[in-house]
Amino acid sequence: MSTLERDPLEQVQVLDEDGNVVGEEPDLSEEKLVEMYRQMRLARHFDKRAVSLQRQGRMGTYPPLSGQEGAQIGSAHALDDEDWLFPSYREHGAAVVRGLPLKQTLLYWMGHEDGNKVAEDVNVFPVAVPIATQILHATGAAWASRLKGDEKAFLTYFGDGATSEGDFHEGLNFAGVFDAPAVFFCNNNQWAISVPRERQTASETLAQKAVAYGFEGVQVDGMDPLAVYKVTREAVEKAKNPDEGELRPTLIEAVQYRFGAHTTADDPTVYRDDDEVERWKQKDPIPRLESYLRDREILDDERVEEIQASVEAEVADAIEAAESVPRPEPEEMFEHTFAELPPHLREQYEEFAALRERHGDSAFLED
Amino acid sequence: MADAQQTQNLTLVQSVRDGLYTEMHNDDEVIVLGEDVGKNGGVFRATEGLYDEFGEDRVIDTPLAESGIVGCSVGMAAYGLKPVPEIQFSGFMYPAFDQIVSHVGRLRTRSRGRFTCPMVIRAPYGGGIRAPEHHSESKEAFYAHEPGLKVVIPSTPYDTKGLLISAIRDPDPVIFLEPKLIYRAFRGDVPEDDYEVPIGEAAVRREGEDVTVVTWGAMTRPTMEAAENLAEEGVECEVIDLRTISPIDKETIVESFEKTGRAAVVHEAPKKGGIGGEITAMLQEEALLYQEAPVKRITGFDVPFPLYALEDYYLPSPTRVEEGIRETVEF
Amino acid sequence: AGAEAGAEAESGDDEAETPSGRVFAPPNVRRLARELGVDIASVDGSGPSGRITEGDVRTAAEADESDTAETADDAPEPRSVSVGDGESSVSKRTTDGETATTVESAAR
Amino acid sequence: MSTLERDPLEQVQVLDEDGNVVGEEPDLSEEKLVEMYRQMRLARHFDKRAVSLQRQGRMGTYPPLSGQEGAQIGSAHALDDEDWLFPSYREHGAAVVRGLPLKQTLLYWMGHEDGNKVAEDVNVFPVAVPIATQILHATGAAWASRLKGDEKAFLTYFGDGATSEGDFHEGLNFAGVFDAPAVFFCNNNQWAISVPRERQTASETLAQKAVAYGFEGVQVDGMDPLAVYKVTREAVEKAKNPDEGELRPTLIEAVQYRFGAHTTADDPTVYRDDDEVERWKQKDPIPRLESYLRDREILDDERVEEIQASVEAEVADAIEAAESVPRPEPEEMFEHTFAELPPHLREQYEEFAALRERHGDSAFLED
Amino acid sequence: MADAQQTQNLTLVQSVRDGLYTEMHNDDEVIVLGEDVGKNGGVFRATEGLYDEFGEDRVIDTPLAESGIVGCSVGMAAYGLKPVPEIQFSGFMYPAFDQIVSHVGRLRTRSRGRFTCPMVIRAPYGGGIRAPEHHSESKEAFYAHEPGLKVVIPSTPYDTKGLLISAIRDPDPVIFLEPKLIYRAFRGDVPEDDYEVPIGEAAVRREGEDVTVVTWGAMTRPTMEAAENLAEEGVECEVIDLRTISPIDKETIVESFEKTGRAAVVHEAPKKGGIGGEITAMLQEEALLYQEAPVKRITGFDVPFPLYALEDYYLPSPTRVEEGIRETVEF
């Protein structure tokens, strides 16, 4: 019985909270394991620095990910190079794994569209802020790939809150009907801003919602990167190469927790207890994987320090790189509305340019 | 226009079908999807025969979910297909409104051109066919207000095919609203080959010196009728069929207005917030000094579209159009 | 004219049926007045509800012509617009903002 | 185990295709049973006449219900007087049961808003054409009734196609979360216009979609009026008076078939085989209930003929009544947009009235 | 206005809260629902304290589903409650667009008055606060085009409470858009008692003889600033704060225009299909003979609202407003 065929009420786990092996380990090289560990630390450190940039006014509102590294890094590693990722807005860690430079994530949250200008060879879709809308994009792209005869998997992230939106329903339903090679990865971090998971739906799990679409749903310990990898890998493989009579899509519910605020504009102490946060911190994916790797002597103090240092340097470089990108030229506003500038936009642009010419930037930036 | 041998005499809805057929032949990336577009050939038969011709992978019956249809089309378009989703009636585009507004019209900007969204969302629009509730919407203004969308409404079989082909070839998304009142009202010559009618260009349907009348879609007929009636009284209307509602062909309407100094706009959508206001604003921004009378808006009333027993009272009729134009002319 | 308009507004007269004090003319007639150098505020309207018509402006222009010297000071300067039948090229926006301002505030 | 707790894959049945009892019969008086029978015949006859009115140009597009009488009459009877019905557009039979005169249904399809002007004492919401939208209205009203401390059930009808819409998902999900006393009654008639049930969703049943919302789902033979009554009655009772720990809402999938076209504008021969239609006609709910009643000597030839005659007279009267209602006054268009006519509408109305005065109706009705 | 003792000095968002609080006290049928409106008090704190005051049955945190929120509100309203759903940002009203357009604004008409839909859909709108993508929408024109909806946008703390109370008491649905840019920008006196500011009446914020400037919401500030600057040059603007975007207080704007003969409209929504066109059309319909210059539209550009690095270039600034008005005046 594959992991995906398990009763959705049972949570898949490989490592327990202390990093002890309690389930079958996925087949991952030491190198890969260290890379995952490093990327989790990278994401964690990035997060800390991003929050602080926001506090210093060097960045706008930012959605932190701490606590969710295991789910992000574990699942993103399960994708093959040719596969695609359709993120929501919090998966900065997963994006790194897929090749999106941290600099771009920073730029995006610094209010710069270039953050979404993904390089041609990076299979990551732009950030999606309107909740659950990206689920349909992933389904559509996955479906299109089959129509084109490609063999790729399409993974999309969304939160527990997103499962309440109509687009979640329509996206999973289309995927079932058209047997799209999609992996629906729900980062159930227990909260949709201040709304707890129980208020989102009366179903016992989110995984069981897959029953409505005729394909498999599975709940995994989302703070166990190895379990996440394992489950996602199976889903990716099934998407591309299902057994006879098996549908390609999978709904994965990765049970996890966001340690910090919803965004830097949010104050979680208003709606949740510190106790709860502390309890979940026991499940922190980073020490868990670290202890697993130390037990296997893949990591030691020295290596960990080295990693931490390199991670800090990488983030610092990314910040410097992002901050040294000049503010976008205002003209760029007009450039990409259409492939070609239509007459009415040319006029507006010219009026704009003339005003800027006459008055300088102060004509716009005052206040 | 092609010579007689190469043209067919088609209704407007047949021309929709012909446009789809032609472009699906030209381009393998073009696919059609929506409710009942496959085996059934569309509830208005706009996709008739396409399923047999191109197969179920290119003419796809979907589940009943408009956001799903449009949202999946976004993913398909980004992945390199050219989807032509049909929404069964324009009144059922609203469940997809979020996808249309938040994504379809923005993907290019949001990704600075890395991802694009070439798709044509087709939907029959408008009243007058004794259709059930919610089936008579005419809200082109909603889409015209969203910056990244083009909005096209044909009024003749010839234009329909040419505009549809242009829309499918356009690298950006187009909302293509089809006047179902005149789906089968008359026939026109339509070349068998492919051809484009450019998006963004209005057509002068009738020349005249006295008053410029701007209209589109199903309202071109009562407008032309009113113009003929007025001509008998010596009032010569210049009737402009906008064809593209967004972006509007300002040059053509302004040039006409500079000649006539008077104008009316005829649309079946409600007046308040309708395209009539936009056109009025454009005319007086560009040519106020030629203006001799207020631009008259002859439109649907600002009430929900009534059930069909009253729809004829709701829609601008030739007499209403005539009276409205006369008001402008006699001002 | 400006003073009159202001006074009228201040007096709280809100009935616009028959305009008094405010110039009551379609924009094309205003344009003609500018082109012919007629101070439209001084023209009496003969159209419906006292509206100023093209004919009124032309009549005023002819009257002015016979008396150019006297009115030169307060008449607005003609714009750089060619008089024509609508087909001729007309620069819709004055290129001479300065002049226009002066002219308009004078007219007001 | 209550019927609702059955495995949603098992279809509840009381009568088999020949009217033999194969399940526990619901507790219904003879009188009630005959009333149900009569109303089913009424609905069937009404349907025939309505289609013919449309053919004669005396009515606009009309959605026929033949084949679906069992589901409609059976379920509507399960409601108590104080309960509410939120129909879609095809439940002319159910509306009759709930007290909406046939005349109003006719008026509505004759393009006359008065058809939706439900009498104050009739607990039926207006017809809903935009698919699945009424599901949310039912949930909202049901939820409101609980907030107000009322004890009522709210039943809403929708089709198999409707289950694909986001509003279906959101409506059922809200009902689960707020424990709304709602009965979600899906008339799965196998087709959404030309789209077959299998193309609507990959799930084996529609009933199992309830799993996603944490409450019960049940599949019932929708052409068995007694089974429908039984299941719906249980759902209504549970909605008002659930057991400890039980959620109030239920999703009922009534498996049935529409014998005729989707609407009078539709030609079903384009997309489905006569064979299929014939097969389903074997399940016709009317002969089934009739044979059950004849077996019990509640009905005989005479009684049946009497009923048919009275049904025909009733429909004829309704048609006459509807057709003798004058065409609505065009002024009515303006009347109900707001409680009070705002200035801009007064102006439009006056312009309209003046034109009508000058030119008469021909100013509007010409072609 | 009430005397000092009975007024509070509140920000605009505090006034929203005060309006809700006041009317929830007055009327048990009023309930608030939406995402994060309960314990969290709303992401902008517009519902702060209401959950503690009125309990979880009247201040309700919902699942994350806008169509669900609005669609359920329709059922609630029909059943006799007066729901005040909050949509967290106006950019997230689109998933509910179908319910808003097809039902909220039509229930009364559809049922000939048997069922009504008294509800107030509140949402913060507009740009300028460095918010993330899709958080800066300003599409009041969408709602103004739908006949059965009223659309209200306050610009002062005083008006906010009074308009919100009027909206809640209104027997018909109201779209209530709150200018989040000025949620906390300044304070104003707000009576503690309840009071109404009538829907459908504009406010003249500044009298002037030279040009009528129509605006609303967050744009009143740059407009007033521009007006003050222009006054120094001797150009006197009459600034009209529309307050109700639909239906528009035609009388007030036309009267002013008859006085000034010149007008500008300032809104942050895109120009094409925006309310500026509607106002222009109205003015020239009613008062063309007074018109001395084209009505100038000073608006957001017809491009998708940019990420925040460029938003200040997108939004009309005092200088842009000033220049635009000057163009009209100098015409």
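Letters A, B, C, D and E mark the chains as written, and numbering starts fresh at 1 in each.
Everything below uses one rule, namely that contacts are C-beta pairs under 8 Å (C-beta built on N, C-alpha and C of every residue); 3 or more make two chains touch, one makes a residue touch a chain.
The model shown is predicted, which means the values in this text are computed figures rather than measured ones.
S.K.: If you check the contacts of chain A and chain B, which chains show up for both?
M.R.: Common neighbours, chain A/chain B: D, E.
S.K.: Between 0 and 180 degrees, and as a multiple of 5, what angle does the rotation take that fits chain A onto chain D by Cα atoms?
M.R.: Answer in degrees: 180, to the nearest 5.
S.K.: Could you compare the number of C-beta pairs in contact for B-D with that for B-C and name the larger?
M.R.: B-D
S.K.: Using mean C-alpha positions as chain centres, tell me how far chain C is from chain E in Å, no decimals.
M.R.: The answer is 38 Å.
S.K.: Once you find the CA centre of chain B and the CA centre of chain E, what distance in Å lies between them?
M.R.: Centre separation, chain B to chain E: 31 Å.
S.K.: Averaging only over C-alpha atoms, locate the centres of chain A and chain E and give their separation in whole Å.
M.R.: Inter-chain centre distance comes to 35 Å.
S.K.: Hunt down the residues of chain D that sit against at least two other chains at once, touch-wise.
M.R.: Expected reply: 113, 130, 164-167, 170, 173, 177, 199-201, 332, 337, 344-345.
S.K.: Among all residues of chain B, which ones touch two or more of the remaining chains?
M.R.: As it turns out, chain B has residues touching two or more other chains at 62-63, 65, 67-68, 91, 94-95, 98, 102, 109-110, 133-134, 147-148, 247, 272, 284, 286, 288, 291, 293, 301-304, 306.
S.K.: If a residue has to touch 2 or more other chains to count, which residues of chain C qualify?
M.R.: 26-27, 30
S.K.: Could you list each pair of chains that touch, in label order?
M.R.: In this structure, the chains touch in these pairs: A-B, A-D, A-E, B-C, B-D, B-E, C-E, D-E.
S.K.: For chain B, which residues are in contact with chain A within the complex?
M.R.: 31, 57-58, 60, 62-63, 65, 67-68, 70-81, 95, 98-99, 102-103, 107-116, 147-148, 150, 171-172, 200, 247-248, 250-251
S.K.: Applying the document's contact rule, which stretches of chain B touch chain C when the two form their complex?
M.R.: Per the touch definition, chain B meets chain C at residues 258-261, 284, 286-293, 331.
S.K.: Write out the stretch or stretches of chain B touching chain D in their complex.
M.R.: That would be residues 35-36, 38-41, 43, 61-68, 91-92, 94-95, 130-135, 271-272, 301-304, 306-314, 317-320, 323 of chain B.
S.K.: Where on chain E is chain B touching in the complex?
M.R.: These residues of chain E touch chain B: 67, 91, 94-95, 97-98, 101-102, 105-106, 109-110, 133-134, 139, 141-142, 144-148, 246-247, 269-270, 272-282, 284-286, 288, 291, 293-297, 301-304, 306.
S.K.: Could you pull out which chain A residues touch chain D in their complex?
M.R.: By the definition above, chain A touches chain D via 164-170, 173, 176-177, 179, 199-204, 208-209, 211-215, 247.
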